[in-house]
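Presented sequentially are two complexes of subunit A, the first with subunit B as partner and the second with subunit C.
The block that comes next holds the complex of A and B.
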């Protein structure tokens, strides 16, 4: 056999192997959608990927069983709020840490680095009492404040700082000559040049908030305040057993839009995660 | 003092005691102030508080915190058999998850670091679970892994295998949680490995191939050593992540069956927010803090040694 033939065989084998490995990655999504359309009896019958009878009513019942539209909206607006706040706060602090000299900068960096090492689970108990004493239990405030100022926000700050450090200084110096203030330089020169970093922070922050579970679980108690992950885990009958078809229909509704956006912007999204590199 | 600035502007724009340097410093602190204030309120304060809480007796009966010194740690470490069971579960989870995750991530990255037909498709597929909510992922797998009538078991039955009741038997439940978690998270490490592999100069590999090295030799002698820093980072973040796993366990098994998947993060939640043993839960949180800190410091230490 020639080298070329060996190469072709080699590649075919790899592709086949990859296709087999891909099954448990794709299969759950397919099954989620299909089971969402099935009736309770069919869901436990002989497995088939396509429902014999498409039961669209599941997707309507999802909205009557829980205030699902409201919960969807909650997740959306909280994720947007966390993303916008994180973008502003992390780029401000990241800019100062990259470009400005000030007493205490070194100590501040050290403190922030140490925050990266401490998981939210460690501080969640005192934070619960703090939020309770502020009277903010069963509101969305803790879901906006804790992620913005927690380890995730610190990670975003470092990501922004890293990016600002790599930018050329000349434009900023020119801006100063033209009489721009610091805040003007940050807003008109530094931020427009850091679109890739801002996009990365926006993507990972939005997903972080969208998928957040521990905080909603601890702080929220009324159905109208729930966010999506909490709502999804709540599709149970009065015995606490899952209402599978409703639960999977709701999961489909929660997962599919994100998945579609991901399929469109796959490259941008994976690169954002590669850039942050500290999740999971 | 900044003498180079003309007197007039200094007088017109700002108070005379504001030299350029102090002005810059004030501005910088204004820029970082939201971060600093948030950090103090929601991080440093709670971190100090958790140390204090961990030394108090505070539960539903006592209703308020009484200082008891290191009693909680004494109870945790020496008297409570549950604690060691939880530690054992967490360690089993980590030992199962980390090597499986890293080996699969590296294999996939090696296959997908070069362009070929279908490379984008495969990368997209393997990364998709990473962006999916852990709760959604766990819901679907819990559905697929049901004992009777579960899709996986029905498929196994087609080839004549009687599948176990996955999530109702402690050991199978642990295995199921580990494997589904690996599938969920492996894409992230794959992406990090791909980035590292693409930074390896192609000349190295070509030179080695010209010398007659096999693909395997090129990997073990050229590529693997160059990947060492990435491997270290991935090892540490994956291990830390495995000690933090919560939502996945919450949704798939709820720590059961027979506490077979009760891991540290879930135990903290259970003690603190279900049983309201605040002092005890805080002591557990401190133990988690020490574990994560130790792992991070080991990483820093190995890196320092590597660069010297």
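The block that comes next holds the complex of A and C.
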């Protein structure tokens, strides 16, 4: 047997092994997409991967059952706003904590990191009273402000700080020699060099906001204001039982942005997982 | 071009004083080298001149202007860093032109100056490459180019060659010397390598523990060191230091200064002769053949070790008793405090 043949057999075996390992991860997704095209009766009938009758109208009904397009847009703009704000604030705060010498910097970092140890569920009631006193119930403000300035924002700040700590100081010195101010160094040197960390924070933040359920449940009451996770739990019949085919069709639509983000930024996502290991 | 004048410059980090009162003048167009062991404060001093570190006390003047409180970018100095400090996200052209862009120099003018500097440093073909695509020597040339395009009055080099291999270091050293000859700009260069200091400098500043030990030309420092530290720091291999009484044996005609307690003689100034009562007796313990010269380690009757550099290929074998002599002009005497006495 030649070396090339051994190589081919080796690769084939590996591919088969990986395919087998991938089944538990891929199968539920395929089942979800397939069930989105089925009737409720077929979902609970004889199991089959492909629908016997393709019900494309499920995907239309999703939009007529409740203001799904509006809810989709809500989730999208809230996730983008949270991501952009978190990137700005975490990179500024992370840079300051990593690079600026000021009294109590260490204590401040400790104080911030300690916030990560408080479960979000514990703070939801005080947050509710705070938001209510500000008159922001049934608005999107709490869904933007809480992730940005709450524990997730702290985690993003910590991640950025760790990355900035590793940037060579001589680059900042070179920036100062070139005439950059502190903010100029942040903008023109530190940020462009931190693309992997920024990508990690962006992806993690977007997914965090996209999947947020508890806060919308507490703070929102109008259908028009709902975000996707809340909307998905709202495809029920008059008895309050889930309309599985609509729910799964809607879920299929809901994962599309995540799939698109993943396809565009596969490399950054891989790096982001490597980077997010820093926080452990 | 500008001169650099330091008057009683001091630097404190908390309670620790790193620079303990330095007075120094680097004349216009001069190539000054700060040299000294690790932790002596040479890089801190350079950073104070550049504006990257504040001056705790004292006066710093560049081109006659007080610079203590002037921002780094407005001092008219260009700096080359040890690790090159090239921006990894910018190509060579943008790295070199970055400072001009920050200062809002028009694009045409910026391009012209980058092209000129690139031509001077033979970087024309590399302008579109990124730092990661360059060799160590090329990166160092880009770092120098970045300093050149700003047309500074003073160039500051912070151990620029220490990350290069030995061969490239020699090459870059000659390029920096050639650059100084061409630009005639004031240059201040920090190194711990005394060969770099000796070959490049018009003026060497030897520092130890935040103080200047001696300032002078390479020849002054080699031939007339002020103290034991400078005598042993300048010159490679380092100067042998023996009890003053041995001077009579090394050079019988020399009159011993009254306050001398030790005598220094450089390895290259010792001559191997037949052992007689008029020479310093020694036993060969090791020969190191390096090609051009041989380093001979010898042991004196008192147990001290001593090094001899000789250009002969056939040195006495290990265990041979030999005599050592030297010309009286090549002996250096030091008092109990290590200061040179004549």
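Here, the second predicted complex is superposed on the first by the 239 of 280 C-alpha atoms of A that agree within 3 Å, B and C clash if a C-alpha of one lies under 4 Å from a C-alpha of the other, contacts with A are read in each partner's own complex, and residues count from 1 in each chain.
Quick note on the criterion: contacts are C-beta pairs under 8 Å (C-beta built on N, C-alpha and C of every residue); 3 or more make two chains touch, one makes a residue touch a chain.
Bear in mind the structure is a predicted one, so any value in this text is a computation, not a measurement.
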> Of the two partner chains, subunit B (first) and subunit C (second), which one does A:171 touch, if any: first, second, both, or neither?
Replying inline: second
> Who does A:196 touch here: subunit B (first), subunit C (second), both, or neither?
Replying inline: neither
> Which partner, once the models are overlaid, touches more of subunit A's residues, subunit C or subunit B?
Replying inline: B
>> Quick one: is A:257 in contact with subunit B, with subunit C, with both, or with neither? Answer first, second, both or neither.
In response: neither
>> Looking at A:29, would you say it contacts subunit B, subunit C, both, or neither? Reply first, second, both or neither.
In response: first
>> I'd like to know which partner A:180 touches here: subunit B for first, subunit C for second, both or neither.
In response: second
> Contact residues on subunit A for subunit C in the complex?
Replying inline: 168, 170-171, 173-174, 176-180, 184, 188-189, 192-193
> Residues of subunit C touching subunit A in their complex?
Replying inline: 47, 50-52, 71-74, 77-79, 81-83, 85-89, 98-99, 102-103, 146
> What does subunit B use to touch subunit A in their complex?
Replying inline: 24-25, 27-29, 31-32, 34-36, 38-39, 41-47, 49-50, 53, 104, 108, 111-112, 116, 118, 120, 122-137, 139-144, 149, 151, 154-155, 183, 185, 188-189, 191-192, 194-195, 233, 237-238, 240-241, 244, 246-247, 250-251, 265, 268-269, 272-273, 278, 281-282, 285-286, 288-289, 292-293, 296
> Hey, which residues of subunit A end up touching subunit B in the complex?
Replying inline: 11, 14-15, 17-18, 21-22, 24-29, 31-32, 35, 44, 46-47, 88-90, 92-93, 95-97, 100-105, 108, 111-112, 115, 117-119, 121-130, 145-146, 148-151, 153-154, 157, 182-183, 186, 207, 210-211, 213-214, 217-218, 228-230, 232-233, 242, 244, 247-248, 251, 254-255, 258-259, 262-263, 266-267, 269-270, 273-274, 277-280
